[in-house]
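Two complexes follow with subunit A in common, the first pairing it with subunit B and the second with subunit C.
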Partner chain A sequence: MDIDDLLAEVTADAVPQETRDLQELTRCWVAERVAPELLVWPESLMERVLARVRSQIELVEEQTGNMDPKTNFKLIIIQTELERFKFLVRSFLRTRIAKIDTHPLHTLHLHTSQPTLLSPSELSYLTAHHALLSNHYASSFLSQFPASLQKLDDTTGGISMIDSPDEHKAVFVRCLRDVGVVRVDGTEREFEMRRGDVWVVRWSAVRQWVVGGDCELI
Partner chain B sequence: MYGEIGNKLVQHAKRTQALPHLPPYQTEMVRAATREVRDLDKDVAAILEPFAGSFNPSSEPATACSLLVNHLCMRRNKRCLLAYHRVRADKLEEMCWSGIDVLERQQQQQTSKNIGDGTTSMAGEGVNSSSLSPEEEEYVRQYSDLLAAYKGQWTDIDLTGSLEPPKDLFIDVRVLKDAGEIQTEYGAITLSKNSQFFVRQGDVERLIAQGYLQRLS
Partner chain C sequence: MALPLPPGLTPPEVAFLCEMELVTVIPRQRLEGLELLGGPSPPLNPPHRASLPLWLALLLKRQRRANILPPPWLTTLSLTALLDHETEHAESFSPPPRLPPAPSPTTLPFTPPFLQSSTAEAPPDALPYHWLELGEMLLEGASDDFEEPDVVRRLLRGLREVRMAKLRRGVEVLDAAGGLQMNGVGGMELSEGRAFIGGVIDGLRKINASREQARRDRDREERENGFGGTADDDYDDDEMDMR
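== the complex of A and B ==
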């Protein structure tokens, strides 16, 4: 720990929780949109954000009747902020749903080994949707296939039927703390990541630091 | 030829991806591809029968090869069928998300066709059939229920809302079709055709998506 870290901690405490939540939500949203695979569901953050959205909506509803121009103006600002928050959350959720829908079985397998990956409602959506799809396939044609070919998660013959996201996709990362030397698997490449650096790297090479919060995706 | 139908199906799927609407379901081709798989499976069983479970690939390379080709063809057909259905299902889901009532639209298309055909509709009965298979209609119905259930947990956020970042709280809109009266927090507004309003975006988003209103920039 050096002086920079100490300074960073002091400034972080000075910023109110609300602002930090907004920062964190924006960071989660950007990361989710950029990362090739599904990231862990930010349970506590989402709870705080949703609670605040709810309380702001209540506030707006309460004060709508008030015709005082001052409160009216304040309300417009609150509503604008509210719309922006709602957009962030909406886009974030939709991105996750899109990823879940592209790789349903892969996500389901991951979730069993890592139960914090999905929120409960996402899990129920995923299972219900997957059941629907398999039913649809079965009633459309699959039920008339020979029994050995009816599976949807067949891995025989050297090819797995389960699609998984491309973990070697290149991503842009910004380094928030000194990480040290990063090795890219399968290549000879090695480089040092220092605080403030921006790199284009394979997702698989930097995943652990992004998840740990040492780097952010941009 | 083996796999030809599968190939056609995939080409159909590819074309479907670029189309704004959903082309008719290829019942015949799906059936033919399924039949091909069943025939191939019978072939495999017939080839294997004389060996009575003691087949050794290295001693009979020719038979082993034909078995392999049969197996690969079956798997390929399965993949083609899966891909075809998945593309269509994705398309239907997309429509559900954007708030288009697929089933209602189907019915509209059918009735408008019937009117257009007039007296000849008796002869053209087959042509007027829905572009969705019965299974797909069922799928859409169930998926909309699922979507509604998932959306219901996020009432504050309105999941199917606009994915464009909001810039202004209030926007100018022009009414394209009579939409009746809507309730806003500033009172009720009657949306009659060709009138123009300055309203809160959140209040009219749905109507814009459904084509009743046009946003003026």
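== the complex of A and C ==
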């Protein structure tokens, strides 16, 4: 580590936690919008962000009665920013729900092996929604089928009934740290990704670095 | 409740990201620093310059409380030079702004829109990630802060066309494996090209799927048998040496 690295670290630490959280939330949102599969729920980040949003709403509620034009204008700015934050959070959550809805059984299976994937409310949504749906299918038509054809998650016969996302989909990534040589599985393609590079590459080939924070999806 | 949009950012979402870029403003009124959710905003004391996110700068501008200082790369001189560079180098985009010092393994790396690539101190010779969106938004909301807004608008359009032509020409090198480098591409350009580029790569991959599967099976077999190459490969290598 030389003097530049030390300086960089000091400047990065000087950035307030709020700004770092905004960068992280934005990155999570973009990644979730772009990635073909559901990513791990960023628990501590969301806790901090939601707590701040709550206290900001309280502040706005307290000060709305104030008719002083100067405070009023400050309040407009604060509210505008609040709306922007709420949009980010809402869009992030809705993207996750869209993915959960598309692949409910797949997500449920993944969550059992990797319990940090879903937030508690997402898990209860998924289980309740899935229970309702399978009850409905069973009562409306499945019960009239032969018993061997009633399953919704049959994996026998070499074909799985459980849909899963296309993990080889092409994504755009930006490299945040040098990651070295990337190999695309099943092909001869090999290339080196350096910091600052932008590549179009299969999600399966770069997933480990995106999850590890060395690359970001764009 | 679930988001009905397809994967990949839509142009309005890219514009939303761009509104977080910091720009330099010259305030006309005092305003105390505010504790915002994204970090404290600096106090505004005319005539001292301050860096604010674009959405706030445009809000202040609309209410005539501040003027926006266009970034150095968004001037007639810089844009003309950049346009020349783009036209001369037909095969790649002009290089993006220089990267900030490398982050250590423990710190959070910052990327656009949180790099200061559009403030008054930004480098004049490189287009940042959100160049097109930022230019358009400034021209729309603060055209009177430019010296020659019409020339800037024309140069931006020229740049956009040259770069879109490159993006389209790049389609010829697309193949199933992906792995295409696109340094210097802009956020809005990416959002426009994503569906097509992604679609071509994914489509080609599906056509090639059986060949890839065969290759994967062969690789696995080789690993399990415990030797690197088959006899045929060795034979080929010898042939090459003799030539």
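Simple rule for what comes next: the second predicted complex is superposed on the first by the 210 of 218 C-alpha atoms of A that agree within 3 Å, B and C clash if a C-alpha of one lies under 4 Å from a C-alpha of the other, contacts with A are read in each partner's own complex, and residues count from 1 in each chain.
Everything that follows uses one rule, which is that a contact is a pair of C-beta atoms (placed from the backbone, for glycine too) under 8 Å apart; a residue touches a chain by one contact, two chains touch by 3 or more.
Just so it is clear, the structure is predicted and the values come from calculations on it, not from any experiment.
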Next item on the list: Name the contact category of A:101: first (subunit B only), second (subunit C only), both, or neither.
Entry: both
Next item on the list: For A:53, select first, second, both or neither according to whether it touches subunit B, subunit C, the two together, or no partner.
Entry: both
Next item on the list: Check whether A:169 is in contact with subunit B, with subunit C, with both or with neither, and answer first, second, both or neither.
Entry: second
Item checked: Contacts of A:79 with subunit B and subunit C, given as first, second, both or neither -> first
Check: Given the touch rule stated above, what does A:91 touch, subunit B (first), subunit C (second), both, or neither?
Finding: both
Next item on the list: Please indicate which partner A:34 is in contact with in the superposed arrangement: first for subunit B, second for subunit C, both, or neither.
Entry: second
Item checked: Per-residue contact with subunit A, leading partner among subunit C and subunit B -> C
Notebook entry, point to check: For A:201, is the partner it touches subunit B (first), subunit C (second), both, or none of the two (neither)?
Noted result: second
Check: Can A:129 be said to touch subunit B (first), subunit C (second), both, or neither?
Finding: first
Checklist line | Touching both subunit B and subunit C, residues of subunit A | finding: 53, 76, 80, 84, 87, 91, 94, 97, 101
Item checked: Residue ranges of subunit C in contact with subunit A within the complex -> 1-5, 7-9, 13, 16-17, 19-20, 31-32, 34, 36-41, 55-56, 59, 96, 99-111, 113-114, 176-185, 187, 190, 194, 197-198, 201-202, 205, 212-213, 215-216
Margin query: Which residues of subunit A touch subunit B once you look at their complex with the stated criterion?
Written below: 50, 53-54, 57, 61, 64, 76, 79-80, 83-84, 86-87, 89-91, 93-94, 97, 101, 121, 124-125, 128-129, 132-133, 135-137, 139-142, 144-146, 149, 157
Notebook entry, point to check: Residues of subunit B touching subunit A in their complex?
Noted result: 30, 33-34, 37-38, 41, 71, 74-75, 78, 81-82, 85-86, 89-90, 93, 133, 135-136, 138-139, 142-143, 146, 149-150, 153-154, 156-159, 161-163, 165-166, 169, 185, 200-202
Checklist line | subunit C-touching residues of subunit A, taken from the complex the two chains share | finding: 1, 4-5, 7-9, 11-13, 15-16, 18-20, 22-24, 26-27, 30, 33-36, 49, 52-53, 56, 73-74, 76-78, 80-82, 84-85, 87, 91, 94-95, 97-98, 100-101, 166, 168-172, 174, 176-177, 182, 184-189, 191, 195-202, 205, 216, 218
